[in-house]
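In this document, chain identifiers A, B, C, D and E correspond to the written order of the chains, with residue numbering beginning at 1 in each.
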């Protein structure tokens, strides 16, 4: 987060609307996919040029232009083809936006965060997804190449389900649904990590586990910062009065809303659980320490009086009658055994051992 | 909860409205009971077929179709007989829904969580209850076979009370009332468990008790997540403007609302109590440790000087006058007795013993 | 609270509106007092029968029927005389209601909790007071016989103050004012208990005091659960648009509202104080432990080197020159005195003693 | 606070509107100052009688009657001259009111808390200030004699600023401004006290400092309870639709509102700081303890093996070859030096010393 | 903050609207820059006199008068030229205002806090920026000379971007954008400091680091107190119905709003992180202590029995058979080795070493 923030300051001092990429440097790979579909036909174009975009925009069919990988030039060209406000262009490139939805009258501008578990690990990697919903078109921008939307594209091309019959609002819903579904995958990984940590805490409370708990907590704070505003975004879409969202589609946005609430519930539960973990760690550690301390107490308390007695009969006084007794030694041993036995009894009565 | 969540990810990538059972696998047993009643007559059908459902729907009488056990095929058939929205069918099968109420115009869709103490234990087992309230019919779906609604069915068949005279909204209220009543049973068990834990904490603060407290806390978090949204559901029903809920029935929903608030109150109180328990545990443990430490301190502090004295007279100097005294030994013993007595006095003055 | 909750489950499975007494079993004693008064006359009846109630209801004068002690039969008879909704009858008998106010059109139904210090102790004993305000009548129900409302009755009979000139809303206000005044008495006792505990915590931090703090905390949670909803009740009455509450009486309800806020303020302050007490206890205890530990540290650290030195000259080597010195013994004592002095200086410089 | 509360219970059982002084007993001294001023003239009367009050009320000029010191008789007489509601009279005398503003149609009733540092100490002493704003008059009541309002009175008499040109609402504003200004003086003292405590905590963490922190915390809770409702009062005045507050005066109330928010900000910051202080204290104390414990650990761990070695060669076996060695003693000393050195090295490597 | 507050009390007792500088004493340097620009022309005046201000105000062009350094006389003169309310003048000079926005009808009054990292350090230095937006003019006041607004001025003079084409509302936006951009620079420094502290806490948990954490926390509280009200200010501007803010400019204010939310997010995250740090510190410290304690326990527990054994054979009884054994010494050594070995095994089995 800090890295991201540092880049943010690059813009400091520049006039608003300056197009500067904030976030990871462009990998060079930009993949643009354009789909133009209605109930009967579906045309796909890879990396279309400016004119193709304009043509597609002009048709009655729903146009979906999907950009993976952000480059200032590409964003600028497409934005111009669709008359986007300078601030929108800026926000697409500033990939540290908070999830939000803005109604620009002619189009809706939606910003989301997509999460995916990087390399099977539990550390969620986040990237920004910007969606623009126009009257007959949807633009979507991701930070990096991803296979997340391939299934959706295939579904459109196959003409399965309702999607070909419905408008760009349903398409936008489908994209958002895909993104939110990804949250559950990340949360599963988190859930497993939390479970593992919990077991480790009880069995072997090491400082490393605690550090892992803190990392998990940081990740959850990060996830939470994305999910709470998402809730507002989806809620706004489900209640919007914009003509761009049809009444029947709102049921679907309400459905995503339910999912988002579920995600929030789970995130909050994990937060509660990780908070409890710190206390559990401290209890476990102090419990272990107590056990160790108890052994020390008992050993010390047992031997300290005995050591005193042996010291006593190690004194060099000339006149110590016990030293000359025939059974002085067994007598001393007996006293010591009695002392030790008495102490052990005392400790047992006190339930210390 | 994590198990449930994992299943949720099965749906990731599928188009919305896909009917997939999320939750426990179907046990195979599906019990469908259909009641068709008005003030004068009451017909009961077990496992009715599609046509019976359609016929029942057509009558003027109130139709209650109650399904225990979820199977994709059964849900689909009944849903089609009653023209349910695809998302509703999906939600009935996804048994990890949050309690909610949605007004689809022609019918109300209500999702609840039912709790029952499994096998006398304190671990609440939760299952989803979906209720659909139409103009002359109520559909209800449970995850598993249950005897919870038998009393209600008997009451209808016996024609006792107001239920036969009133519409489907009152029937829906009766189902919800049965579910909420179940919460009190679970809370009783929880209350007893909390009480037992509290006593154990004071008498014998073991780490196992602490772990039981954490488990209790988890259960309460889980319960809480079901009860808070339930409050919203009931509140929405008590204030709804849908024609499906008659004005006189709203008093009854307000009554459930009061019960829900009571449940929330009790859950929150238990949460407060279990939170306090951790502090109590730590205080109890540290108190025990303090007692042990005090004994150690006093024993050590008593014997350390004495051991020094006996060591002193164990030195082998040739010229140590005390060693040759006639009463050297009693003299040394006297000094030691004085030292010990002085220390004991000091400790008592300090109120340490 | 748990006892009460258990009884609640008796109702589970019964149809709504079933009249079952939840709470303490009836003591047998039911005291009904009926007052019928206007500006000029005032008639009192003890334990009136059904017909008397009906007659009183019919008069133009304000009728106050006050029932102390709950019995299903009595509540049912009176309720029928005044046409109460079945749910209201149920709520009067279920004495674990939350404070609430409901407008049934023809009458207002108000539920309160009354507190009184039982036997001079600090443990508040709570009982439910239900008030029904009709156009010309007030019904009120308490769980047990009480002298709390005697002063009010005397005031009416004496015709002192405004009460005889005003309607049933002012009478309801007077009853509520009496109940809220009782809170201050309970809070006084709590305040004294808190003060005493605070002093004990500082002077003699025992685990018993801590347990008393926890008990106090539980009581405050309990009190709080009654007072917060009371605030809503009184606020609703002060802003109600029901014709049953006259405009001039609302000033008086606002006055109770202020008192309720004051009670909440005090309860919250006590909660803050008892929370702080746990920290204070832990600090006090750890402070005492620290003092004890310090003494141990200093004694041990003082004697451990000395014991080493005496052990040194207790060794049995044949060739140890010091042992044969004329002033070996004083020399050793000197070294020990120097060591001890040096250590004491070191500790003092470190500000440990 | 507790003392005050006890007195509150004196009223328990009395009819509402009973005039009983709750708070400190009257000191006997009651100072009444009456000002009658308009843009051109200004008349001052000390301790005016009832008729003078009535006359002043009758004039067109703004009448300010200011009472310092509460006596039932005085309050009653003045209240009658200005037709105040019985509950208002009661509230003026019950000096444990919460800050509030009530619109009685003909006049506004405002209750504030005034703070002043008693005798240069940091313990804020609070007293109630009641203000009544009528169409051409302001009444104000303080609990005790005070010089706080002398500057305001002088300003009116001198005719400086806008005050003589504006109405009673501006006068009420001026009184409130004086009261709120006093908060900053108290907060300064608190700020200094907090600063001092913070330094002491770091330099010399004693239990007394902790107790002072708790006292400070109590005072802040007390202050906070006065300031938060004050915010509502001022906000209500700035937005009131009463004809008693002119539109241009509302800007001034908004100004007080800003000051109140500032006071709240500072109080909350102090609360945050004092909360942090407890943690700091515990860290400081545990840090000191750790240092002491470390010294003990190192001394014990150093001498325990040495003491073992000297004990070894203090054994009385007949056949111990070392005892007869020529350099047995230096050899033993050497071993001990090596042991001690090794341990010191080990501790240094572990960074314990 | 405390210093500032003390100065606040200077005003106590003075009539409202008194012009007194609260904050740092004037450095003497006051730099006034006046710009008068429209789409075609742009005139700049340094330190203009009163008449120049009046002339500029009269033109149709946008007038921006920017004052760096506060002096009562300068503020008064300019305020008079633009007819500002006395309370506005007072607020410009009282530099401890909370960020706020007030609509005075003829102009908007905006107060912000500007932060800049002082001398490369992480301690944010705050100063007040007051902005007045009139129909054709903007006044802005800073506490001290700053280069923060030079870039903006250059942009206007160069005529780049939209700024010359748009009105004073866009200019106000540009000033606020500059201020908010500065927050990111401060947060970067904070982020780095937090990161450094976090590493230090794990590697070398010293009390100094803890103190630095507390300082950081204080700074964040301070920052937070400026940012939260800023959010309200910007939100009010984005939704204002004042004619002074054009509809197209509101998009830009919404953009600042997004940035402000981002700043709040980051501040809150840092607060969460610093809170976690205290726990981490305590865990780290207690972990270190535990390690030390464990070594002590093991050493003591190992040597205490051995010391007892050597003491045993140091007793001076005449009849101790072992002492005369040929291999008594090796036998004793053997017993000791066995004891030590057994204990080590026991400790290892308990996983203590």
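Keep this in mind: a residue touches a chain if its C-beta (ideal position, glycine included) is under 8 Å from a C-beta of that chain, and two chains touch if they have at least 3 such contacts.
Being a predicted model, the structure only gives us computed values, none of them experimental.
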> Which chains make contact with chain C and with chain D at once?
Replying inline: none
> Roughly how far apart in rotation are chain B and chain C when fitted on CA atoms, stated in degrees to the nearest 5?
Replying inline: 70
>> Averaging over Cα atoms per chain, report the distance between chain A and chain E in Å.
In response: 26
> Using mean CA coordinates as chain centres, what's the chain B-chain D distance in Å?
Replying inline: 42
>> Show the residues in chain E shared as contacts by 2 or more other chains, in ascending order.
In response: 293, 300, 304, 307, 311, 314-316, 320
> In graph terms, nodes being chains and edges touches, is this line, ring, star, complete or other?
Replying inline: ring
> Which order do the chains take around the ring when read from chain D towards chain E?
Replying inline: D, E, A, B, C
>> Could you list, by residue number, the parts of chain E that touch chain D in their complex?
In response: 1-2, 5-6, 8-9, 11-13, 15-17, 85, 87, 91, 96-98, 100, 102, 207, 210-211, 214, 217-218, 221, 225, 278, 281-282, 285, 289, 292-293, 295-296, 299-300, 303-304, 306-307, 310-311, 313-316, 320, 322-329, 332
> Any idea which chain A residues touch chain B in the complex?
Replying inline: 151, 155, 160-163, 173-174, 177-178, 181-182, 184-185, 187-188, 191-192, 195, 202, 251-252, 254-255, 258, 261-262, 265-266, 269, 272-273, 276, 279-280, 283-284, 286-287, 290, 293-294, 297, 300-301, 304-305, 307-308, 311-312, 314-320, 352
